[in-house]
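Letters are used for the chains, namely A, B and C, taken in the order the chains are written, and counting of residues starts over at 1 for each.
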Amino acid sequence: MNLFSEFWATYGSVTQFALINMLLGISIYFTLYTGLLSLANAGFMGIGAYISAVLTIHAGTPFPISLLAGALSAALIGWLLGLPVLRLRDVYLAIATLGFGEIVRIAAVNFDKFSGLTLLGGAQGLDGIPKLTTPASLLFVLFILCIFLIQFHRSRAGRALAAIRRDESVAATMGINVYQYKLLAFVLGAFVAGLAGGFSAHLTRFVGPNDFSFSAAVNILAFAVLGGTLHWSGALVGAAILTILPEALRFMKEYRGIVNGMILVLVIVYLPHGLVNPKWIRSIFRRGGTR
Amino acid sequence: MFWQQVVNAIWLGAVYSLFALGYTLVFGVLGILNLAHPSLYMWGAFIGLVCVTKLHLPIWLALPAAMLFSGLLGVLLDRIAFKTLRDRHAPHLATLISSIGASIVLISAAQGVFSAQVSRFPFDIFPVKVFTLGSVSVTLLQLTILGISFLIMVFLRWLIMGTRQGQAMRAVAYNTITAARLGIPVDQIIMQTFFIAGALAGAAGVLLGLAFNSISPFMGGPMNLKGLTVIVLGGLGNIEGAVLGGLILAFSEVMSVAYLSSDLRDAVSFVLLLIILLVRPNGLLGRSSVKRA
Amino acid sequence: MTMLTLSRVSRNFGGLAAVSDVSFEAESGQVTGLIGPNGAGKTTLLNLISGLDQPTGGDIRFMDQPIQKLPPHKINQLGVARTYQNIRLFAEMSVLDNIIVGMHTQGKSGLLSAALALPSYRAEEKRLRAQALQLTARLGLEKFSDTPADALSYGDQRRVEIARALATHPKLLLLDEPTAGMNAAETARLGELILSLRAEGLTALVIEHDMTFIAQVCDHVVVLNFGQVIARGTVGAVKSDPLVVTAYLGAEEAADA
C-alpha cells in the first residue's frame, strides 16, 4: 500500500491524463475507423470543457450532469458541422475541421464581450473549476466505452462503418446510407471528445481558449495513428505511450515536438496499421482458447 | 477611406494568392492536400531572414535563396512523406496524416533552430517610401510585393499553359498511368511540381515576413486556414481560382475589419469557407484547372 | 412486364462518349445478356443503373420509377443489387460477414439495442446469421464461412460477391462478368444457379464474354459497340447478325494488331 501511494504521488496525475487521452484517442478512432480524417476533436473537447465547467460553476449541477451536457453539446455542434461537410469529398472534411478548432477559440475569446455576460473568461480562460474528476470516474467511463465499442463492432452500424472504410461505393450498393453512417461516426466522436473535455476541465481546474488549437488536434490524431485504427484498443495503447513519452523525452527540450511528428510520418509510411493489429489479437485469443 | 481599403485589400489578396498558388498546384497535379505547405512558407521566411541578418545579403538575393531552399525542402518532403504512400496507392487519409506529421516536424525543428520568439527583418532592409494619391497611400514595399506576386502568377500560368513542362504536368494531373505510357517521366514531373510549389511558399514567406514584419515558427498556422479558404473558394487545384479566392478573402477581411469589428477578422475566413462548402463545394471556378486544360 | 427501362441513356466523360443513346428493356423474370467487345460501355451502363454514376442524358426507370438521380443505397433498397468485374469484396472480413453486410437493410436494431445486447438485437443477429449460412450453402461456400474473403480463389470470390448481392433481396440482379476466373465446371454450376434463381422469379442483367454461358442462361441479349446498341434479340438471332459479327471481328483484329 505504501508503495502504491508513493507511485500515485508521483504518477497519479500522469495516469489521469493518460486516461483522458485514451478517451480522446477513442473519439478520433470513430472517424478514422470509418476512413475519415477529422481534426475537429480538439474543438469538440473545448466545447465539452467550457459547457460542463460553466454548468458546474454557475448552475451547480452535479458532475455527471455537467459532463453529459458538455458531451451532448459537442455532439450537437458536431452534427451541425458534419451535415454539410460529410456530403463532400474527404479532403473537405479535413479542411473544414482544421478551421473548426480556431472557431471554438475565437468564440471562447469573444463570447463574454458580445453577450455582456461573464461566463467563459475571454482570453484569460475559466479558472477555479472544482476538481471533481477522480481516477475511479475516469476508469468507469472508459470501461463503459470499451464495452460499448465491443458491442458496437458486432452490430449492424459497426459492420456498416467497416464496409464504408473498406469500399464506400460497394457499401452504398449494398443499401447502406453512407452519408448517414459517416455522420453517426462523426457525432459519436464529438460526443466522446466532449466527455474528455469535461473530465479535463474538472481535473486541471482550468479551461483556456488556446488549449484546443491545431497542435492539440494533431496530438489526438497521433494517439490513434500510433496505436492503429483497425481495432479500438489501438487508441488506448497509442494514448498511453504518447502520454508517457514526453515525460521520458524531457532531455530533448524544444525538439520534443519532432518526435510526435516523426511518429505520425513513420507509422503511416512504414506501419500503416499501427501498433495494434487485430490479426495478432485474434491469434492470441485463439492460442489462449480451448482450441 | 473606402479607396484606401480597396488598395489594402488588393495588396493583401495578392499576398494570399501567392501563398495559396503552390498549395493548389500540388493538389491539382497530384491530388494531395499538403498540409505541410505552411511550414515550407515559414521556413522560407526564416531562410530569407538568415540571409539578410547573418549573411548580410541584400533582400533581392535573399528572396531567390529562400525560394531555392523551400523548393528543395518541398522535394525532400515528397521523398520522405509522400512517395512511398503514392507507390503503395495508400488512401487519401494516409497522405493527409503524413503531411500533418511532416508539418509538425518542420515547426518543431524551426523552434529548435530559431527559437519560438518572434523575429523581425532589420528596419532598414527595405527603403521606406510612401506614395500618396489623393486620400490613398501605398508604400513602396506594398507596391513591390504586388509587382512580384503578379510576375510570379504570370510566370506560373505561362509555365503550365505554354511550356512542354506544363503539358507534362497536366498529363500527370489527368492520369499518372497514361502519362507514364506516353513516355512522360512522371516521378521527375512530381519532383518539379513539389519544387515549384515549395519555391512559391518560400517567396510568400519572405514577402509576407517583410510585410507583416513578424516571423515565428508558428506563422504558418493562421496563414494555413486562410490559404485553405482561398483554394476552396477558387476550387481545389484551380490556379486562376486561387487568385480570385485570395482577392475575395482579402476584401472580406479588410471590409469586415473596417466596417464591423476587428475581433471578427479571424472568423471571416472560416465563415467564408463554410458558406462556400454549403453553396458551391467545387469552388467558384470549379475543379482543377491543371486537369481541365 | 418490363422491370428495367433505359431510354436514350448517354454518359460523356469530358467530351468522350462512353455510352450514347442507349435504349433497351429488361423483362421481369427473364435473364438479359449484355454483350459486346471490351470498351463498349457495358460496365459504364451497370454503374449508371446501380447509381454509382449519373447519366449525362436520357432516363432510367426501374419498375416504372425514374432512378437516374437516386443515390446507390436508395436504388439498392428499391431492389437492385450488383457484383463487380474487378471483385470488390470487403477483403479482410470473413465470407459470412461479407454476406451479413449485404443484409444491412433487413436488420432494424439500432445502436442502443446493440450496445445493451437486448433480446431483440440478439434474435435479429441470429436470424441474419442463419440466412447468411443458407446463402453460403446455396452458393456452395459453406466450408469457407469463416475464411477471410481475400483468401479464396477467384471463382469462389465471385460466388461470394453473388451471395452478398443476393443477401440484399434484389428483384433485379446485375452481374458483371460473373464467370471470369472460373473453370468450366464452376461456370456450368453458376449457369444452373442463375437458371434456378430465374425460376424463383429473379430478373437478371448479365455482362459476359463466354457465349456458351450466355446461350445457357439468357432469354434475350443486347449487343453494345462503341457505346451504342447495335443489335438485340435472342442469342441465336444476334449471333448471325452481320453488324455483330463485324463488331467482334473488328475487335479481334484490333487485339491482334
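Worth a mention:
Operating definition for what follows: contacts are C-beta pairs under 8 Å (C-beta built on N, C-alpha and C of every residue); 3 or more make two chains touch, one makes a residue touch a chain.
The shown structure was predicted, so the numbers you read here are calculated from the model rather than taken from an experiment.
Each chain's centre was taken as the mean of its CA atoms, and the one lying most distant from chain C is B. Geometrically, the chain at the heart of the complex, using CA-atom means, is A.
The centroid of the Cα atoms in chain A and the matching centroid in chain C are 41 Å apart.
Note on chain placement: the centre of chain A and the centre of chain B lie 31 Å apart, centres being C-alpha means. In whole angstrom, the spacing between the mean C-alpha positions of chain B and chain C is 47. Looking at the complex, you find that chain B touches chain A at residues 27, 33, 35, 80-81, 84-85, 90-94, 96-98, 100-109, 111-112, 115-116, 221, 224-225, 228-229, 232, 236, 263, 266-267, 269-270, 273-274, 277-278, 281. Against chain A, the residues of chain C that register as touching in their complex are 50-52, 71-73, 75-77, 81-82, 84, 88, 90-93, 97, 100-102, 104-105, 107, 109-111, 114-117, 121, 125, 164, 168. Those residues of chain A that touch chain B in the complex are listed here as 32, 35-37, 84-85, 87-88, 90-92, 94-96, 98-100, 102-103, 106, 109-110, 113, 213-215, 218, 221-222, 225, 253-258, 260-266, 268-270, 272. Of all the residues in chain A, the ones that touch chain C in their complex are 147-148, 151-152, 154-160, 162-163, 166-167, 169-178, 184.
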